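In the part that follows, the structures are each spelled out as structure tokens.
Here come two complexes built around chain A, the first alongside chain B, the second alongside chain C.
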Partner chain A sequence: MQRATLNRMTPYAFMAPAAIVMVIALLYPLLYMVWGSFRDWNPAQTIGETEFVGFKNYVTLFYDPAFRESLSVTLRFAVIVVGVEMVIGVGLALLLDRNIRGMSVLRTLFILPMMIAPVVVGLMWRYMYHPTVGTFNRFLKSIGLEGVDWLGQNALMSVIIADIWQWTPFIFILALAALQSLPRSALEAARIDGATPWQQIWHIKIPLMMPVLIVTCLLRLIDAFKVLEVILVMTEGGPGLSTEILALRISRTATEFRELGVAAAMSNYLLMLLLILTALMFAYTKIQEAREARLRTAAEEDL
Partner chain B sequence: MAKSDYDRQNPAFYALLAVLIFMSVGPIALMFINSFKLDVDIISGTSGLLFLPTIQNYETALCDILPYELDHLDFCSLKFGGAFINSLIIALISTILTLVIGCMAAYALVRFRFMGRDAASLTTLMVRMVPPAVLLVPVFGLWNNEFCIDKATLVGGFIRDTFGGRGDVCLAGTHSGIILIYIAMNLPFVIWILQSFIVQVPYSLEEAARVDGATPFQVFFKVVLPLIKPGLAAAAIFTFRIAWNEYLLASALSDRNTKTVPILIVNNMSEFNVEWGVIMATGMLLAIPPIIFTLLASRQIITGMTAGAVKG
Partner chain C sequence: MPTIRLDNLVKRYGAVEVLHGIDLSMEENEFTVLVGPSGCGKSTTLRMIAGLESVSEGEIYIDDRPVSHLEPKERDLAMVFQDYALYPHMNVAKNMSFALRLEKRPKAEIDRKVREVADMLGLTPFLHRKPGELSGGQRQRVAMGRALTRDSATFLFDEPLSNLDAKLRGQMRAELALMRQRVHKNMIYVTHDQIEAMTLADRIVVMHGGYIQQQGTPEELFKHPVNKFVAGFLGTPPMNFLDAEVVDRDGAVWLIGKGFELALDGEHAAAAKAHRKRHVTLGIRPSDLDFDAEAGNETSLELRVIVSEYIGAHSVLMCDCGGQQVVVELKSETPIPLGETLRFRVNPAGMHLFDRETENAI
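Up next is the complex of A and B:
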């Protein structure tokens, strides 16, 4: 009897520490934020002293041109970055999916950029983009071209390039893993039937990799909304609002403008956006699983 | 296929590889080289490798923990050494705790059927996407105002004496405050990665141990844990990387004594006159631990990265 109770309690004992930490430091803060977003709140007040203002913060934000600009910068940044990274990453994976010496060394070197701190990535690129001492402008001038105003007029593009440098390897590695786990039989059959390399890529490899690619793309998209430090170090959101992505605007609203309520409302907008993406990813994997199960039962019935 | 059976490739292919390697490692190498240059050399543009390497930048950065006095510096303004130690403490403790708590939870989610399992697993999946910026406001408010222990009570005094922090003993400004949020932030990810490793442990092994009279905890620590070591390594590196590199929440929560390295770098960057040499040296010091991990355990990192996405 006692043994049975003990066994029944086991999973809860295993879950308890994680559950406690996550409730205290993740779920409660999120609820606290939702609560705070309906209040007029500055950092000097505790939340009990603040005034309830209903949806005022949300409405103000909705009509705030700076917030809209920031939202559009964020969306542009995320879409361009993920799009370019998917194309380059998958392209490289298709190109490098060969049996060559030193592949593991290559992969190790490729993942270096995403392991080092975003802050460091930001400072590296800020140096390279520097108008006078920076590597790029020095190179351009040494071959007789005009220097480019990287972090001035072309700030968003420069930030995008830095992010592509850092995160393309992520897509490359996942796409390569997907390629190498493809069923050999399908590729073999295509080769015997005389498919050209292009046909193999378009009609066999890409469709078979699709499930992994979609999950990768969504994962990367979610991460693209989290980027903050690289941009903070490189441009501090400027010039003007040209690179002020939402995460940066939240942190500035909270610390510089000292409007925690508005910052909380903004966080909620961002959270809703990410929630939709996560739900999409979740729904997609569920559909995929269901489809596979159906195919499997169909195959078994055929036997 | 035998190891020596490599396909022969065309030279253009190797040229492409060289370009790719140059592109991915080049910026890091550039920073490494520049960290050994004096500011004069960096600005005057004596490009390439023609310069006299100096460790002066590193000395300036670490001036507060060096045992000897520096000639070129009359005042040690950059307290980098202390920040480095803070970063180490925070990253190491939060990594260890996250791993222990996370693998227990992952094990429960994989192996047991219990009430609330689906809810727990769904919550874990959902909170994985919460960005640090979203946590900034609530964490700032809670850690400063609510997660406090009154100064007068015994526990408050004890915590203040042990962990440091401000007089009113709130979580903000202490190492433990930052560690707590890092654990919470990393837990969903760690649970998610470890689940995919625990599923692969054959259930018959656990059953055999149980028949021999092992309690669930013994089964977990003596049978399951040793078998998922690669997964633990991958999870440890990812957690360490986030805790070591994180800037935003640390900057909101730390005080003068608990600053971490990223905060110091950002603060120095935003000053008007950037001392490139010293900044590069601090950047390099921050980048070195993750680089070492990557070189040592790239296989585990790649397995960890692909574990979730490729298997769906």
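Up next is the complex of A and C:
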């Protein structure tokens, strides 16, 4: 009896160190943030000295036009970048899924942007976007066109372009991997059935890649909602609030406005948004697994 | 119906030549089987006819029209793949109608066609299932159904039965033979299984090492193989080969090998005499040996029986003849004591002589 209990406990003993680290590093700060979001909290105070205000922070934020603007910028940013990245990434993968000499070098080149630190990417684009000495405007002027006010009038578009440049490769490599694992013979069958290259893409390749594409898309969305460094370096959220994404607003609320409680509440809104996306992703994989299990049982019944 | 002709077809992958000039012409409505061991080039040949592999040299003619520059869809053919190659995301009906839907045929016609073929193949209850929900045999039938709905002039089969278990394979082979009777089309079938080849083919093409070894009806190839490879490849259990010397003695022509001396009959004697070289290989099929204690020395082999495998109506005996293994196939009724040396009469018509160096039939 004693021995059996011990045996049952053994795995938990092995898991304990990891569990303790997780509680300290993940759960503690998270609960601390949730706790802080219900308080009126100035950085000068310890959390014990702060006043409990209930849902006031959340309610205030809900009606705060600046927060709403920031949320809307974030949503627009995320939806546009992920949408465009999916189209370009999948398109490139479809285009480069072939054996041409030098293709492996080309593929490596394509994924380089992803490997550059975001701060460096931000600086790089900031200089390229510079109104007078930046690469883009100098080029435009050299061919006789007007310069564009990249980080002024068109700031959101400019940061979107930078993000697309950096993260399209992520979708490209995943889509390429998905493409290369497609059953070759099904594609050959489609050729014999008379499908043109376009029809092969629409009727065979894309549907078969769908599971990978959906998960990729959700992963990128989650990432896009948390974007900070590149925009911080390029525009610091400006001009005005035009590129002030949530992560930036949270950090400014905490440091400039010295409202830790509000910042915590804002983080919680963002967290909830991400949780929904993550839940969607898990739900999708669960549905896929359930479907496969159902297929297997159905096939076994008919053997 | 078109006829298909291959003219000096060559395939190279880089510097490696895998097909060395294949010449082949298939009659209208003929069931042609390309058979050979793996790596012999049979699948490559089929895929070149299908248009899935490019042609390095030579030409493929369908109805005297060169097609090697055409896309697969322009060649009017349907293909059944070894791994079925069904579209996993479409149900059975969609799989079968894919080609017709691409052609934008009227919906009523597509429905009718799919129902007709599904009826013929017993797939009607499964039309709404996805391939993942089907067993191996059913998937195989869907693959066949997809080819049939197309109404193409030519059907290509790339080892369609090799992924099935033995029992199902036998069943599907019979179904194929039945389909063959109902559907009158050109069929080209690739397999490494000589039983499939023998049972299904109007014409067998035996390939080996990127060359065609021999082509003809199953009976022609079985009775008159042109070389040792074809002789050994077709037939189960495979043909026995014994090294022997051709010797003239007392006005007759004899074959003398380790543990046997056989007198050749007129036809074989003349052929052996005409052949200059003396070193030959004697080929005898296991079914051309028969237990006969009274047989004379000059018409029989003396074999020591080592193992007897009972396989129902027949038994297969593994025997020893002067250090070389000889397999004999007998009716099971004949009781054969193991370990004893017995006489087995050789059917004179079943003797095959091959040049030992070139391995060609004499």
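Keep in mind that, in the parts below, the second predicted complex is superposed on the first by the 291 of 303 C-alpha atoms of A that agree within 3 Å, B and C clash if a C-alpha of one lies under 4 Å from a C-alpha of the other, contacts with A are read in each partner's own complex, and residues count from 1 in each chain.
As a working rule, a contact is a pair of C-beta atoms (placed from the backbone, for glycine too) under 8 Å apart; a residue touches a chain by one contact, two chains touch by 3 or more.
All values reported here derive from a predicted model rather than from experimental measurement.
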(Q) Between chain B and chain C, whom does A:V119 touch in the aligned arrangement: first, second, both, or neither? (A) first
Q: Could you look at A:I111 and tell me whether it touches chain B, chain C, both or neither (first, second, both, neither)?
A: first
Q | Partner chain(s) touched by A:Y58 [first = chain B, second = chain C, both, neither] | A | neither
Q.
Looking at A:E188, would you say it contacts chain B, chain C, both, or neither? Reply first, second, both or neither.
A. second
**Q.** Contacts of A:L295 with chain B and chain C, given as first, second, both or neither
**A.** second
Q. Of the partners chain B and chain C, which touch A:I204 in the superposed model: first, second, both, neither?
A. second
Q: Pick one for A:L27: touches chain B only (first), chain C only (second), both, or neither.
A: first
Q) What's your read, chain B or chain C touching more residues of chain A? A) B
Q: Check the residue A:T216 against both partner chains and state whether it touches chain B (first), chain C (second), both, or neither.
A: first
Q) What residues of chain A sit close enough to touch chain B in their complex? A) 7, 10-12, 14-15, 17-19, 21-22, 24-30, 32-33, 36, 41, 43, 46-47, 92, 95-96, 98-101, 104, 106-113, 115-120, 122-128, 133, 135, 138, 165, 169-170, 173-174, 177-178, 181, 211-212, 215-216, 219, 222, 225-226, 228-229, 232-233, 236, 246-248, 250-251, 254-255, 260, 263-264, 267, 270-271, 274-275, 277-278, 282, 285, 288-289
Q.
Quick check on the complex: what are the chain B residues that touch chain A?
A. 1, 5-7, 9, 16-17, 20-21, 23-25, 27-28, 30-31, 34, 42-43, 45, 47, 100-102, 104-105, 107-109, 111-112, 114, 117, 120, 123-142, 145-146, 180-181, 183-185, 187-188, 191, 216, 220, 241, 244-245, 247-248, 252, 262, 265-266, 269-270, 276, 279-280, 283-284, 286-287, 290-291, 293-295, 298-299, 301-302, 305-306, 309-310, 312
Q.
Under the definition above, what is the set of chain A residues touching chain C in their complex?
A. 183, 185-186, 188-195, 199, 203-204, 207-208, 210, 292, 295-296, 298-299, 302-303
Q | Residues of chain C that touch chain A when the two form their complex | A | 50-52, 71-73, 77-79, 81-89, 98-99, 102-103, 129-130, 132-135, 138, 146, 150
